[in-house]
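Think of it as A, B, C, D, E and F in the order they're written, each chain with its own count starting at 1.
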Amino acid sequence: MCLAVPAKIISVEDGVAEVDLNGTTYKASLMLTPEAKAGDYVLLHTGYAIQVIDEKDALETLSIFKQMEML
Amino acid sequence: MCLAVPAKIISVEDGVAEVDLNGTTYKASLMLTPEAKAGDYVLLHTGYAIQVIDEKDALETLSIFKQMEML
Amino acid sequence: MDKTKILLAHGSGGRLTHDLITKHLVQSLSNPLLNKLDDAAVFESKGKTAFTTDSYVVNPIFFPGGNIGKLAVCGTVNDLSVMGAIPKYLSLAFIIEEGLDISALEEIIKSIAAAAKEAGVEIVTGDTKVVNTGKADKIFINTAGVGFIPEGLDISGANARPDDAVIVSGTMGDHGIAIMAQREGLNFKTAVESDCAPLNGLITDMLKVCPRIHVMRDPTRGGLATTLNEIAGQSQVGIELNEESIPVKPAVGGACEALGLDPLYVANEGKIIAIMPEKDAPAVLSAMKAHPYGKDSAIIGRVISPNPGRVSIRTPLGALRILDMQSGELLPRIC
Amino acid sequence: MDKTKILLAHGSGGRLTHDLITKHLVQSLSNPLLNKLDDAAVFESKGKTAFTTDSYVVNPIFFPGGNIGKLAVCGTVNDLSVMGAIPKYLSLAFIIEEGLDISALEEIIKSIAAAAKEAGVEIVTGDTKVVNTGKADKIFINTAGVGFIPEGLDISGANARPDDAVIVSGTMGDHGIAIMAQREGLNFKTAVESDCAPLNGLITDMLKVCPRIHVMRDPTRGGLATTLNEIAGQSQVGIELNEESIPVKPAVGGACEALGLDPLYVANEGKIIAIMPEKDAPAVLSAMKAHPYGKDSAIIGRVISPNPGRVSIRTPLGALRILDMQSGELLPRIC
Amino acid sequence: MNFIEEFRSSQSGRTLLEYINKRSTKPARFMEFCGGHTVAIFRYGIRQLLPPHIEMLSGPGCPVCVTSTADLDKVIALSRLPGVIICSFGDLLRVPSSRQSLLEVRAEGADVRIVYSTMDALEIARQNPLKKVIFVGIGFETTAPTIAASVIQARNQGLANYYVMSIHKITPPVMRAILDAGETRLSGIICPGHVSSITGSNAWEFIPEEYHLACAVSGFESLDILYCVKSLVDQVEDATPRLDVSYSRAVKPEGNTAALKIMDEVFDICPANWRGIGILPQSGLCLRPEFAAFDAEKNFEIKLSEPSRETPGCLCGEIIKGTRTPLECKLFSKVCTPENPVGPCMVSSEGTCAAYYHYGGKLG
Amino acid sequence: MNFIEEFRSSQSGRTLLEYINKRSTKPARFMEFCGGHTVAIFRYGIRQLLPPHIEMLSGPGCPVCVTSTADLDKVIALSRLPGVIICSFGDLLRVPSSRQSLLEVRAEGADVRIVYSTMDALEIARQNPLKKVIFVGIGFETTAPTIAASVIQARNQGLANYYVMSIHKITPPVMRAILDAGETRLSGIICPGHVSSITGSNAWEFIPEEYHLACAVSGFESLDILYCVKSLVDQVEDATPRLDVSYSRAVKPEGNTAALKIMDEVFDICPANWRGIGILPQSGLCLRPEFAAFDAEKNFEIKLSEPSRETPGCLCGEIIKGTRTPLECKLFSKVCTPENPVGPCMVSSEGTCAAYYHYGGKLG
């Protein structure tokens, strides 16, 4: 029951965000992530944003992969 | 609203008759003709027997036609 | 847990669909063309080819004299046959409401196989869709059919000519009344069975004695009256019937009296109208009467020049009145 | 009072049916065979003939990229074309739920006419049934089709041979995702349109450069994965795909991620799979890419001897896993 | 004997026609009150077999045709209420109200069911305890007792979700209204057969007594009608207007007393709105206060969105009164057909316009 | 950057695999707790690319698979009540209870609807005020907050016809139960990614601390999983069990406090019945008494016609605990297929048996 995907918040209205994933957009309630704002990436799960994605952390992880590749 | 057809009572159960018309049988409530009994012909209208047909009168009428034909 | 009811998954295109097709359909209807399970069946053909389709939505799906499966084969076989074609190949497409008992489907398929066998046709291609509960009525069937027309025939609704004789192959209204008797809310019972039958055999016998038949048609929905009106319109002729010579079973007449219906508007599924030169009528009539599906055949009228597009009927008292197309649904009435 | 909605009477076989057929259908789809309104259409045929049927129950009936009418023409045209046939004649049978807006029916018929024109086919015979509210879902359409196969072709799902190349004509899953986006209760929007298209033109171009194509099939319900499994089963060969080379639109991928679906199981209505000797693949591929309906074509895998009846897929990491048939309904999932 | 075939003998029919054609010398205008007779006369082709100086007029005896637009609008409004199932006889479904027919609201999703009998409607009520089942009670004295019987059954069985919307009408008052208007200069009346089997032939004694017109109660087979016409011709030729009963096998002078009693128990006499004629006092049947719990008018708030309107151009009102025939209506068979009926006389199977359309079209 | 493609790069994947294959020397058994991981591992074909001495075991992390027959029987019983609409996620519909699945009761006429979100279920409740809408709440900490959010919305909006049947479970207790049983002799744990994005990675600190096992929280893309396996291999090789987070873009030590607050507001912790494991204390979520009005168990009388029974022969219980694999089940792929699943591990798309069936079939 834990399928969640990253999607980007395009707009927010009444606590419900429009989020985009490669050109397909979904409604996502922000009840569980009240801090999320337009431009943020959130984890979308059953119509709710359950977490805001930390871009800095993501880039860090990716750079570890790059470093490993270069070894 | 006055389509009614003659049909013969085959059996009666709980005030509802089974009536026959040329081999097709219908249910007919006898609420409006409580005197009707098996063997009688009744006028069937919207699932109710609305009148018992008077065979004697019918034969009389038919014999008038026969007399006219013979003239 | 083996399934006893049709689920949406049976129509999803996946393995359950595949299993339904191979287990239930291919096994019962088996023939080399169907068994290939390609996107289309491929066969050799040559010459004048007849092609027709009908969907069957009859309610109830099982009725005295048949079921929706038998009907779906016979109806399409008959539409080919009345064009003079020898029916050969049928397609078969189901739309099933989720929840249908698989045993009901099996029985329907059995009837399809039996009717196809009797008619000498093969089911060569098919399709199965399943829709949610409440989005269809148990099962709908479509069949399309292909048949080949022997040289020398020219049969069409547009070919009726003045002085042609009009023959029907039996009693009118049996199918419609048999079905109505099964409907909820119509409290009647009747021994009448649907006349549902494949008529290609009968028609072959007719064409043997008279390849000059001008028109054949099966008077299904709308009944004899509507079908004759269509023919009168297509051929731009008048048609005059004799009310007393039209065969109607007493029990069908009885049912119609009480429901306020006219048997000439009630559907048939195993009868044909045939129109041909008057001189050929006696020979055709006796060929028809010699066939089990035509034993009650009768000459019921003739084609006339006046009143093109109109059907008229001579009443027992000798008056002539119009016999129009059916208008609206055929509703039981009490007026 | 002119009718704006379909009533049961439109399917009763009487005058309203007759009017519906002549006014709406014959006028829009007019051709000499149809206009006769006989029980079957009659045409000349010769040689290898392909015959197929499908019913269309798509919900909603209008969707980005088409409607049920366009789909009903394209689907059957494609099933004929993938057998190598030149599609010629279609039958058209409606089952309509009482209450359908007549304007909706008109729009559907317009699309049917346009799609038939594009595909170069004629609707030559038809049928219309109307059922009570709640007994169907707005409208169901069945088409059957007849086409003729030129000499020298031999295309069948049973003809795949080891070392053949597997090509698809474009991106996977567009139709299914476009339809799902329209469904109530699935809160997503997408710019993806149904790929619904008649593919006979594309296929003609392909056969021109390579009449030796072994298999063609349109991956509709069940998607690429299911269709390839069917072919692997029919031909008793293995098929090995390369996951990275299968074209999928980003928005389709995005929709599938969130719904827990795999685009390889999602339906297409304007794509084909073609399987042919490896040496012919480049020529076929460039013919396909030159056609508007094939511009995203790609070689996605090959036929192998091991694992007959099985489809496997090489993942981007280089592992090989089974790609099974779809099981059950395609349900959005959240696991 | 099945009391049908015997009364359709073509031999006897020809004898009766011969008699009529010989006997009749005076021009005469006969009105068949009952729509069932209108249809039968057309179906048997009787009109064309009578002497040309006998004119047959159709009267107000089709309950559908005389239903006012205002009453139908109420029925349509009821059908739109949530949780309601409308039950009615098939005849009523195609009749246009100010804007729509029941068939059309059904196509829009309303739950409208055709029943053959009020017993079916009671069964539907039993099977749908969470719904409210409204039976639209339409018809004359023939039918009203069957609706009354259903109300009594609903009461006895404690069926709390069964209602009747009563548009029933009774026939003698409208007969008087037409005769009083005197517009049609009639020579005789064919009195309704099945109405009379309930009311008794006595109900029509006022016709010869007060209006000095020939009259006879007729059945619906060909011989019944010809026998009735024979009687009217005899009365006209002899100038001895009286009440004859040519349908004595079904019609007694006192009618069906059991049915009359049940009808009287449930229904009160009240004014009714007759299409083309207007409101006639004491010509309708409404539920008695004791049965208010079953009265749709008392249990549902019927909101009409706009005032009712009759269709302009339609002559139904005149046709019902016998002062015009459908052939005089400009819309007949051009704009107004059974598929697209403008007025109720075209839609009802026993409507005069429908009978002219189906059976009366000019031949040759 | 869309946070998907970047984490599927095959080049980086190969690099990570190379690293793992080089670094790993000791035999190791890793359990992926989460069914989502099971599916991803199969889909990417990761198992066959790891060194042969690394064994991957699937844990109890599919909420469908761990639902007890007894709980499902209750859901089926609810679906048969008149006037009820059952809403659930698609995953649950095919799971067989003692006798039937929800798909099968739907085919028999029950009103069972698949929703994508509890927001859809709320909308269905709004649109069907005369019906009772029961959402079957299934899932772990990832999903439970969204159900809690729906209950709060229903309360705030005064939606009186919305109910939740809570079969929610929480994950740390079952993880402990499995480790306590010790049957599987594990070397490390792949901790659930999306559960942890709610609970926070801190929830798993007990694994290295109390059980001295390697562990890391993983995401669901190929690189996430490989990166996590790399971490486990490092920990095993270095014998330094610790809690790593290879999915730090979504998982914080403290988790999602807003979601935890809402979950805590609506749900109380209670015992739960885990298939194959039995009742574990403090491992489930039930509605708090303040929300009793929304609790399906408190508002409907659930009558079971017979005692619940597990299907004989099915090893789901063992498979969930990681002590057996589907290949050891006699029914696997013969009697038990996704079309005719015997146990929930075959029906759920993230069930171990389904993953083996779809992706793991032997090739060549």
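Just so we're on the same page, a residue touches a chain if its C-beta (ideal position, glycine included) is under 8 Å from a C-beta of that chain, and two chains touch if they have at least 3 such contacts.
Here's who's who by UniProt: A, B = Hydrogenase maturation factor HybG; C, D = Hydrogenase expression/formation protein HypE; E, F = Hydrogenase expression/formation protein HypD.
Please read these numbers as outputs of a predicted model, since none were measured by experiment.
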item: Shared chain contacts [chain B and chain C, defined touch]; value: E
item: Touch-network distance, chain B to chain E, counted in steps; value: 1
item: Per Cα centroids, the chain farthest from chain B; value: A
item: Comparison of D-F and C-F (more C-beta pairs in contact); value: D-F
item: Chain D and chain E, separation of their C-alpha mean positions in angstrom; value: 55
item: Inter-chain centre distance, chain A versus chain D - centres from mean C-alpha coordinates, in Å; value: 36
item: Centre distance in Å when chain B and chain F are each reduced to the mean of their C-alpha atoms; value: 72
item: Of all residues in chain E, the ones touching two or more other chains; value: 4, 35-36, 62-64, 89, 91, 116-117, 119-120, 139, 143, 337-339
item: Where chain D touches two or more other chains, by residue; value: 7-9, 15-16, 187, 257, 260, 327-329, 333-335
item: Interface hub residues of chain B, defined as touching at least two other chains; value: 1-3, 5, 21-22, 27, 45-47
item: Chain E contact footprint on chain C (complex, rising order); value: 185-187, 244, 257, 259-260, 306-307, 310, 312, 315-322, 324, 327-328, 331-335
item: Sites on chain C touched by chain D in the complex; value: 7-9, 11-18, 36-57, 59, 78-80, 82-83, 85, 89, 91-95, 124-127, 129, 131-132, 134-137, 140, 142, 144-147, 149, 156-158, 217-218, 220-223, 226, 230, 234, 265, 267, 324-330
item: Residue ranges of chain D touching chain A (in the complex, touch as defined); value: 177, 181, 187-192, 249-255, 257-258, 260, 333-335
item: Chain F residues touching chain D - in the complex, by the definition given at the top; value: 4, 8, 10, 13-14, 17, 35-36, 39, 42-49, 62-64, 89-91, 93-94, 103, 113-117, 119-120, 123-124, 139, 143, 222, 337-339, 348-350, 357-361, 363-364
item: Footprint of chain E on chain D - complex, ascending; value: 1-3, 5-9, 15-16, 19, 98-99, 133
